[in-house]
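Several structures are given next for inspection.
One chain, subunit A, appears in both complexes that follow, with subunit B as partner in the first and subunit C in the second.
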Partner chain A sequence: MATSFITAHPFGDAYAARAGALPAVAWLESLRRFARAEIAGGLPGAQVEEWRFTPLTQLAKIGFIPAASADDVDVTAVPLDVPVVPGAVRVVLVNGVYRADLSDSLDGLDLRTLRDAVSSSKDMESAVGRVAPLSLPMVALNTAFMEDGLVIAVRGSVTRPVHIISIGAAGSSPVAFHPRVVITTEPGASLSIVETHIGLPGQPFLANPVTEVFVAEDAAVRRFVSVTEEGDAYHLATTVASVASRGTFEAFHMGLGGHKAEGTTRQEIHVVVNGEGTKVNVSGAYAIAGTMHHDFTTVINHRVGGSASRQVFKGVLDGRSHGVYQGRLRVAPDAQKTDARQVHKALFLAHGPAVDCKPELEIDADDVQCAHGAATGALDSDQLFYMAARGIDPETARALLVEGFLAEAIAEIGDESVRVVFAAQMAAWLQRRGGAS
Partner chain B sequence: MAAISQTTAAVRDVEQYKYGFVTDIETERAPKGLNESIIRFISAKKDEPEWMLEWRLKAYRYWLTLGDQEPTWAKVTYPRIDYQDSYYYAAPKQQAKYESLDEVDPKLIETYNKLGIPLKEQQMLAGVAVDAVFDSISVATTYKKKLQELGVIFSPISEAVKTHPELVKKYLGSVVPYSDNFFATLNSAVFTDGSFVYIPKGLRCPMELSTYFRINEKNTGQFERTLIIADEGSYVSYLEGCTAPQRDENQLHAAVVELVALDDAEIKYSTVQNWYPGDENGKGGIYNFVTKRAACRGRNSKVMWTQVETGSSITWKYPSCILQGENSSGEFYSVAITNNRQQADTGTKMIHIGRNTKSRIVSKGISAGRSSNTYRGLVRVQGKADGARNYTQCDSLLIGDRCSANTVPYIESRNPTAQTEHEATTSKISEEQLFYCLQRGMTQEEAVSLIVNGFCKEVLQTLPMEFAVEAQKLVAISLEGSVG
Partner chain C sequence: MALLKIKNLHANVAGKEILKGISLTINAGEMHAIMGPNGTGKSTLSNVIAGRDGYEVTSGEVLLDDNNLLAMSADERARAGVFLAFQYPVEIPGVSTSNFLKTALNAKRRAAGLPEIDAMEFLKLVKAKTKALGIPDDIIKRQLNVGFSGGEKKRAEVLQMTLLEPRIAILDETDSGLDIDALKVVADGVNNLRSADRGFLVITHYQRLLNYIVPDHVHVMSGGRIVASGGKELALTLEAEGYAKYQAA
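What follows is the complex of A and B.
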């Protein structure tokens, strides 16, 4: 169906010129060729089922230029409102490119930039594109145009969490950047990553990060991502994780949008369960206002049985925002003894927002326990009445109930110090909302 | 299998007859293929007024613009259908195939006995020449007379087109427009017959209406079209289909059912579908591509769909409710059972437009063998549907490790005062329950049947009583050979 894809988009020749940003090694060239072929098919429009709620029709009309060729972008410091994660190593990317001057020293860490890794080491061939398939349009776009990113190869247990701060900033023209983060673990290794994605005011930008996570046997990767949107940027992020036997993959994604936000955020998370006894938790929360569009898309694929996965997603919507949750739970034939749960709840704070939800189960094995739930609605008037009867003013009561509603999702964050940071960001959103209305 | 060999035999007969559908209006079948002449032929055969033919042609011309673009989003696979290789008209006077039940496939008789179907009905279902043996024609006429006295119009739609053109004109295509989808468009162009029901204001229809009583035209063919209108304050319960496996020669069925409920009216529509599902290897079997939709136009109107789907090799069916009237409500109760190589993609759409509209969805899918069973549903709450309420529950039961169960719900809410809830589970029959039953001396099959019936109870309860009893037995029969 040729009409389903938007073939007229700005990602063409201007980008080909930037391909030299990464060394021209043969395997990368070949990978990029395949990626470009995928992209030639176009960006997904509303006819593509996976993108029906988030078609890229408007995006394709913006004349983005490669961020690295914009010479009028000037970021000299990390904004002060970026939260501090206690004890973490700070790594700063501006428009997807590593900035040593803003980052902590990487000495002694298993952490390199993608540029370094590709030019200095041969094992990158098996790491880049190992788990993220080019069949995902955003992965193909990223692969075709990626210029930098991070490579984290974890041996043993990393005690200090890594805090990646990704700043998007456009100069006089809209820019696009496509960073790639590759995380690999050795058996038994463990790592915590916190990511803060923000944008500076100005022209729109497109952030198209792709994160590949390979969790080895008995290894554990915990990743906590927050995306804050105040303007009209596009943040289309894809994470693909592959988890081996007894591995743990925990992810928590938060999406925040202020009352002036009019951008589009899509956080797409794919997890492939490749071994028995794995533990997967992919959860998230979103609080959006303005005309922001926020999309959580998850695909948990249990290829092997004997594992558990859990998803808890909650969202509150204000203004004329649009929230989307699409979750697909797949249990392959013979993936017996799978235990998979999935829930999405959305709360309306005003007349005006829209919610689209599609929790999907695709089960090909019989000895499984799979369940999903979804609900949408406004605050419970009984609960509000209960609080009013106890002398709590309506505004406080509402704030308490909304906070309580989101707390169920935030509680999925396993790391306490991170939970505190995320809860504070969420609380600040609620407070700003109180001030705005 | 019998159905297939009959079909091939019939095809061979007709192929010898190559010309003349224009000259010989008495022919039993129109030639193969689909074109304007065929549609004119169907319309002429039915002695339809000009406007009806125009409507058909409009649909046909639109269908042509669709090319061969059948909907592909459903989770079913089947070989391409060659629409020029089918018959679109066969005369309704079907000849009886058998003189007595002795000639009928004993396997079929066995099934009838298990379902507890009376002998006379068996004869009718199997296609024995009923006129000679079946005396319920008089029963049917008695009923018909009574309905007429009450002002209920219950007739074949082909008759209604002539006797009540104003009603048909007003409502036909008003719920499922001819341009709705590929199969509905095809149906609009070539529909052969179906039921037309009109319940006058304030009347509670005293008996369950069923195609069953309209014996003379039980062979409504593959493109059935049903239109039911419940006027203000009326109530009707309509039964479609039959628990017994029916002889059927058409592989493709593309029916359209339209329901219209006006102020305070209620329609209850129950279906039991048990067409030929194909053999163990998925050979043969009916393709059931149906568009069913109800418009709850009036205030406080109510529509309730109940379906028990056990037959057909492919089911593609989404009985829906458009909840326009304030306070209107839609309910959907479904049991879909697939065994062997069957594929079912079924569910509902609830479109909340009016204020305080309510919908309830209970879907139970059971997959066994190597079958695939998908629930696909949409709950949409539009901006003005203040106070709308939806509850959805979809449960899937898997029997055997080679089948699949899928749940694809869409929930689209545009109103903060609306509440939607969706729950779904997938599991298998618990070992403990089975063990408990076996302990008490039940056979494995009896135990599974009991447990599955318990699983479906919530839906089966909504069926009219006799129907419910038969459906329970049907549930057990459909799963035969899937356990142990």
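What follows is the complex of A and C.
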């Protein structure tokens, strides 16, 4: 496995010695050893098929230090442009580490920091790494060096959504952080989670969050993630969800990058369907400019039949940005009556952007419905003329059409208050773009 | 008073001359109809007046209230008072009819130095207009023209026209694809808009529409030129005799 990795990684012994604020409990030390072995050969480059469009060659050249060692990082408040999610519990991570002073109280909630959970409870051994496999390189990297994160164990229905605000901030040196979020549900439980990932200006940072979601029978997890980049950060996020019978997993991921953005975001989402009657929706939208690179990689694995999965992805690209969509759909030999759909559409606002779209359908059952669609193009001149013929100036017309284009994806957000927040962030991106061009 | 003056207008599409010297004056308060067989340049004329890309005016003038329309962009022309009702209204997924109408109305109001209309006022206005036109008002919640039937699309065009109150409205084959009931609704909407300070140019292949929207002047277009003009009775003659006489000429 490790031999296929052509890129050395900057997380050598010196990094390892300074990382690891978690207690050195035996199970964790053992897990970390396996993880380090997985990445001993380096991080994936362009020769690794899954990373062909997003090779980490440049990343490996940056000398990151563990975020916990960066003593000149000073974040004393949540930036004001972070949206407010109505009724949500705010949980703030700075460089992957929980900040009680910036967060709402967690008292009475089924929510602990990873540090607390690992120190105080034995059941973490079966929870961490239960769903996310070390064969995924970013999961291995995260496991080797994770320092903090959150553990959400949902027993009943959590009425207040949880809003995780993750702030990346490098001081005078580039920093890397590897937070782990573990979400488990009991049968019938439900949870809504909103995540806002932002970076403060400065040196580049690497955010390498891993989220594990275990959806029990009849349980429901709805997760809405937005990643906004203005600088040259790396945001390489992996989500792995396992869904049991009649469980619901709905995820919506948004990636935004302004005209000065030159970073790399990859949002990789794996869902394993382990029971019948499950509902899976993994959708997303991205609006990027500058030289930003945004990658959506999804793997939906129908191991058991009688379930539906749906993916709607839309991207708007300006400047010389680069979009990637890799959508792999697996239907196991016995997973009959599977209904799986995926679509990716990209809209170019300039001549400079590029998109790589790679749908992969591996279907080994015969009684299934699977559909995929892909389209890439510029704004439609007939639509622009129609708007002009009603007196709408070209800039406003373009903004309306782009909003309309994204609306199909935004409509996949099942929670109305979240939909409003995300739509507003998209609209703000479009307005900034208008001002920049 | 001359509202729209077209003087010796020549225009090319993809290097080929389609309009070969059109002259036409529409006075305020008048309803003009242009009839003619397919492929004679009727739609080219409407697109040239509205300012669509891909039409090259080689000579001639188009003036609205003595302002040179040809020097304006398509959206400027619309704000100056040109309204083109499309033969095939474009579907725009993801954009609600309501948002579109409000944006268009406010663009026009800003250009006229008027304050923007707020959401409540706008809703009230639209409700009044849809009611007067006999259009269900839930049409404004739907995505613009998406999944609309042929009749709904044309009625939506009339609704837009009613809200935007143009100086000159051009109806390009508005009757195509309409059954007789839808045609009546559309015609009623147009007739209600007729006023002493507004002009209309109705482009049609068939006489049928002109039973409901009665023109003051009828022109026959053939081979990129207006080859005959007359009163409303000319339309009836054309219906009876066809265009053969003009095409042969």
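To be clear about the criterion, the second predicted complex is superposed on the first by the 428 of 437 C-alpha atoms of A that agree within 3 Å, B and C clash if a C-alpha of one lies under 4 Å from a C-alpha of the other, contacts with A are read in each partner's own complex, and residues count from 1 in each chain.
Everything that follows uses one rule, which is that a contact is a pair of C-beta atoms (placed from the backbone, for glycine too) under 8 Å apart; a residue touches a chain by one contact, two chains touch by 3 or more.
Note that the structure is predicted; figures quoted are calculated from it, not measured.
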Partners on subunit A (subunit B, subunit C) - clash or fit: fit
First (subunit B), second (subunit C), both or neither touched by A:391: second
Touching partner for A:358 - first (subunit B), second (subunit C), both, neither: first
Subunit B versus subunit C as contact partner of A:349, first or second or both or neither: first
First, second, both or neither for A:375, with subunit B first and subunit C second: first
Touching partner for A:49 - first (subunit B), second (subunit C), both, neither: first
Subunit B versus subunit C as contact partner of A:100, first or second or both or neither: neither
Which superposed partner A:408 touches (first subunit B, second subunit C, both, neither): second
Touched partner set for A:40, first subunit B, second subunit C, both or neither: neither
Subunit B or subunit C, by number of subunit A residues touched: B
Touched partner set for A:366, first subunit B, second subunit C, both or neither: first
Lowest C-alpha to C-alpha distance for subunit C against subunit B (Å): 16
Residues of subunit A defined as touching subunit C within the complex: 380-383, 385-394, 396-397, 400-401, 403-408
Subunit B residues within the subunit A interface of the complex: 73, 381, 396, 398-428
Subunit A partner contacts - residues on subunit C that touch it in the complex: 50-53, 73-75, 78-79, 82-84, 86, 89-90, 92-95, 99-100, 103-104, 107-108, 111, 143, 160, 164
Partner subunit B, residues of subunit A touching it in the complex: 49, 333-334, 336, 346, 348-378
